[in-house]
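Across the two complexes that follow, chain A remains constant while its partner is chain B and subsequently chain C.
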Partner chain A sequence: MATAIGRLTSSITTQYPPLDLLTVRLPLAALLFVPLLAPPLLPTSRLLSLAVTAAIYVIVANGLHVIFSYTGQLSLAHTTLWGLGAYTAALLITHYDAPTLALLPAAGLGAALGAVAIGIPAFRTAGFSFAIITFSFAEIMRLVANNWTSVTEGSLGITVFDAPTPLGPIKFDTFNHLENFYYLTLAFAYLSLVALWLIRQSRLGKTFIAIRENEALARSVGINVYLHKLLAFAISGFFAGVAGVFFVYHQKHIEPGPLSPFGAFFTIQFLLMILIGGRFSVLGPVIGAAVVVFGPEVVNGILGDVLTLSRTQIIFGSLLAISVLTAPRGIVGQASAGYQNFFAVLRQSRERGRSWPVSAALALASSIVPVGRGKQDS
Partner chain B sequence: MAPVLTVERLSKNFSGVRALEHLSLDVHEGEILGLVGPNGSGKTTLFSCVTGFVRATAGQVTWRGRDITGLAPDQIARLGVVRTFQQKMVFPKATVRDNVEMAWQGLRDGASDRVLTCCDDILHFLGLADVEDRLATEIPFGSARKLGVGLALAAQPQLLLLDEPAAGLNQDESRELGRLITRIARELAVTVCVIEHDMHLVMAISNRIAVLHAGRKIAEGKPDEIANDPDVISVYLGEKFARSRSSQ
Partner chain C sequence: MPQELTEFLQQLFNAVRISGVYALVALGITVIFGLTGIVKFSIGELLTLGAFLTFSFWDQDRVIFFLAVPLAALAIGALSLLLERVAFRFTLDQPINGFIVSLGLILVLQNFVIEAWGTSPRAIPPVFTRIWDVGGVRMPMHDWFVIWVTVGLIASLFLFLRLTKYGRAIRACAEDREAAALMGIPVGLVIACTFALGGALAATAGGLVGSIQVIHAYIGAQLLLKGFAVALVGGLGNIEGAVVAALLVGMTETFGAGYLATEWRDGYTFALMIMVLLLRPSGLFRARGRLQETLQ
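For the complex of A and B:
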């Protein structure tokens, strides 16, 4: 019996790659399908509306991932591009009654063009200067939206009552068919995730990462750094622009106020999502968006009876700060490091002749507080 | 043999400091040219000016009959003139294979005669195929140096400018790197220009050697000519090389 258990543990601990599939890849893949169950699981339309927001945020954050995480450029104009897409959509709907299928590429390209327009001067600089210049452009665009009243209606903003074009008998209006609208948005969130993954696997993605890791070296092997930064910025803008369409359909309104996408505050929130979720993983922005949108609800659900809303928000904010401090590589990075540590420590401990329960306890402890760092999965 | 790269009266001032002064140099097709000189003699500045990382104050660089002075580094690299770096020579957070894949920009047009046609070829050529899954920061320093050369090879150079590829290596590693450089010239038909302080290495692998001192070229010729050049001995090689010769 003892030898049988010993053989089992040694087979588990020495051959964890096949187990890797069973214990990590499959559950992770299954986790990706959880959002499909949101409508039956979420009791109120307010929570379902939050799920829509999360899905839109995923698209926006995935776009930011391309320029910030892959290419290593700290853009503070990302949500401005999102707003640009939203304005493009709102104007096309109110003036031309444009169908959804036309809006998506139009808003995407509009934001991508905006990104190129900002990028052409901004990428002549790097680092902090780049961040400040993008911030300035974000402010300029907010002011333009605020003052160009003949087009944007100024601070009143544009209100849109239209719903997405129905697909045969399926309607997508947010009043009576919020579920359908959620699934439509979710489909595009999935699509953006697939696009992100494809970019990461492609030679283009490797080029972006080469620029992030060592610009001079990238140049020396013949990479046109300026052009590729522009391209990454345009791609990231396209994601944001597409998300702008769903934002307008969902919020029914776009204005250049401080809490609209036209504020640097909002971009910071998306940077936070990526830091929390994990900068080095394709799934980072998804996890981060989910945490930022539903985290306050969870904290409020637990402590809401005891504390006021502002207090729970303080607690949630502190949790975020602690998370960034203790898990610099994000939830995904920390989890994968913890997983690798678990098996590494388990194997080591068994090799040193410690008993099975002691080894398991040690392994568990080291997986929760990873001592060594796991292999980087940039 | 006709020169492929011609450097004509190149000068570079760094806010008053004359790093290069009217330096002229030819690199010939298929040769290994050693570039030696004391620290601060302008060797790396020369590489930086030739590859466009630093803009020369005056002078001209001609590559295969084309004036490449003032072109951007990536343009010059795509024309076939590729440099390596003394420091930060690899992408640290990536595996060995990812490093090569990040540098690999696809086969260039008209490169059908290339020996190395994919990343696998490069890894095998370098002898790094066994460690392809390890992080670039985890492999021995000698292997990291080789990888740095490999990244330049991934850019499919016709002229390779190696900036102290053996710096920090022990004797065995240094000798192995010397063999790699010779193989690059012979098997890949790549012209090589190498900056190196290890005199044994330079003497062993170079067809010709140019000596720089205070931004000027003070000698140029075959290794044994350089070794016996009185100017060179007095300025740079001096006792260091005299000692190494007497110990042979």
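For the complex of A and C:
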């Protein structure tokens, strides 16, 4: 059976049919609006609070997508930039009572500046050295947050009691108006998605991808690689910084613990989202964030609270390793390859004179275990 | 002896003691990188696991320390071998994927330790309790024991790599995997064994660390960074460089913490590492072999 599928799928030369705009892409795109219905659908405020977390993660992961997936630079300082945005916001709130709408650009720019400061020395290196140098900068910034007690309160961290400032009549107090706060966060998650898509469509995004695919070649056609990497890093930092504002309002606390968002190891969680979701798709981080946040909830709901935090992490860690090894294009890539395989195998099998049930079974099997690779839509 | 000299010698002693542990971690990293180009970040978690296994062997069955550490090293070596067989060998042509796999393994192993032993700190009591006092410098006998064990291990690793047939095979694979394969060296086996060796070294470091300081589920993450700094400063893939760099890093942070400010202890190491990476990206001592280009 398995060999039959292998033989069939390996003989596929043309991908048939492509992801059709009307029958596949649009219905799937409609799924993007499901989060708008979250507040009436989610039964408890704990779940709604998780949905806020998911929306924040989407913004952070979208930022990492720009530098990691588009530009191909594995930055391990990403959550540190997130933390930098969160600290900027926390300090501006506690000292200056800054309004929320002013905080967003301030924290975004703060984190973008942090990214540039790290990037200027770090982009003199590439590959592993870049990953490790960003890791060291992340740890150094955590040390600074720990030791510069007069500003950061050291390891105690900063607690923010203020609610986001109201927009006209709409209040965003996360205790009494969690729903409004959810929509505010969600709005920015959508914005980040649109921004990501625009970057991907623009000349800039294509330049980033050119750098990822072949740095030497990109340089030879006149692309300033160093500057574009810095720019990609700054953009990703801006996303993270904006997410930091929502994080502070949602968690009401930020501290520089090694496992807090300010620790470099937390970046692994976002790598996980991108790789599980699909690094070659604009929607990869969204799907990844949804899986990481709600996956354990679903499993716990079905099997009855079997997943503790550490067990969840064990499973996600394995998933990260397995997806890198067997499905480097993530859920999005697997799903589109599976969809294409289904029709291709069905057609070929029918052409070879197999009966309908056998063909359908083969096609279904090959779509679940897509051996052939679908068209790459980075 | 004058007070300053005593203090200096005490710091030096502490630096040498911790350098040995860093060197063991760094050697595991450096040997694996030199051979495969894979930066194995999860080695820190193998260290944690080794430390906790040593703790369990020692505590539950009263296996003496001299047996508990090799047992833990053996177990982690086997685990490392298994991981190479099921995961890392598929990433040999794309080392960055190996790096990401090792990031996933960090989550798995760290949380496994939390599941199995919890997050509370543990301590393995020292084997030797005597403390020598030489002119005001306090030198616990157990620390000397740890120092000599690490020196012995590093020396035997050198001799193994330089003098034996197997060591020559490892070095040949590091120079040129294809040519080594043409010479009839079972490259896959050599790589698998090197992963086992790296894991066993990390586990030994873990057991030794457990006997000189408190261990907890996150200790591997901390020591990994130090081991990494050492491997990078020494030039990834360069074994002699790692030993010299271990002393350099150990002294930088010990003297920095002793004479400048304690709270920036880890910062000195990172600053040193960043400076070396920027000024001499291939490390203070140039690494050998074609794998160097993957770093640039």
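Quick note on the criterion: the second predicted complex is superposed on the first by the 335 of 378 C-alpha atoms of A that agree within 3 Å, B and C clash if a C-alpha of one lies under 4 Å from a C-alpha of the other, contacts with A are read in each partner's own complex, and residues count from 1 in each chain.
Convention: a contact is a pair of C-beta atoms (placed from the backbone, for glycine too) under 8 Å apart; a residue touches a chain by one contact, two chains touch by 3 or more.
Just so we're clear, the structure is a prediction, and the values are computed from it rather than from any experiment.
S.K.: Tell me which partner A:Leu50 touches in the superposition: chain B (first), chain C (second), both or neither.
M.R.: The answer is neither, since A:Leu50 touches no partner chain.
S.K.: Is A:Leu307 contacted by the first partner chain B, the second partner chain C, both or neither?
M.R.: So A:Leu307 meets neither chain B nor chain C here.
S.K.: Looking at the overlay, does A:Val225 come into contact with chain B only (first), chain C only (second), both, or neither?
M.R.: Only chain B; A:Val225 stays clear of chain C.
S.K.: Please work out whether A:Leu217 is in contact with chain B alone, chain C alone, both, or neither, and reply first, second, both or neither.
M.R.: The first partner, chain B, only.
S.K.: Have a look and say if chain B or chain C is in touch with more residues of chain A.
M.R.: C
S.K.: Could you look at A:Lys206 and tell me whether it touches chain B, chain C, both or neither (first, second, both, neither)?
M.R.: First partner only.
S.K.: On the A-aligned overlay, A:Leu109 touches which partner chain: chain B = first, chain C = second, or both, or neither?
M.R.: After superposition on chain A, A:Leu109 lies in contact with neither partner.
S.K.: Let me test your reading of the model: by the given contact rule, A:Ile140 touches which partner, first (chain B), second (chain C), both or neither?
M.R.: A:Ile140 sits against chain C, while chain B stays out of touch.
S.K.: Looking at the complex, which residues from chain A come into contact with chain B?
M.R.: 203, 206-207, 209-210, 213-214, 216-225, 375-376, 378
S.K.: What residues of chain A sit close enough to touch chain C in their complex?
M.R.: These residues of chain A touch chain C: 74, 121, 124-129, 131-133, 135-137, 139-140, 143, 146-147, 258-259, 265, 268, 271-272, 275, 308-311, 313-314, 316-321, 324-325, 328.
S.K.: For the complex, which residues does chain B have touching chain A?
M.R.: 51, 53, 72-75, 77-78, 82-85, 88-94, 98, 101-106, 135, 151-152, 154-155
S.K.: Can you tell me which positions in chain C touch chain A when the two form their complex?
M.R.: 39, 87, 90-91, 95-97, 99-101, 103-112, 114-115, 218, 221-222, 225, 228-229, 232, 263-264, 266-267, 270-271, 273-274, 277-278, 281, 294-296
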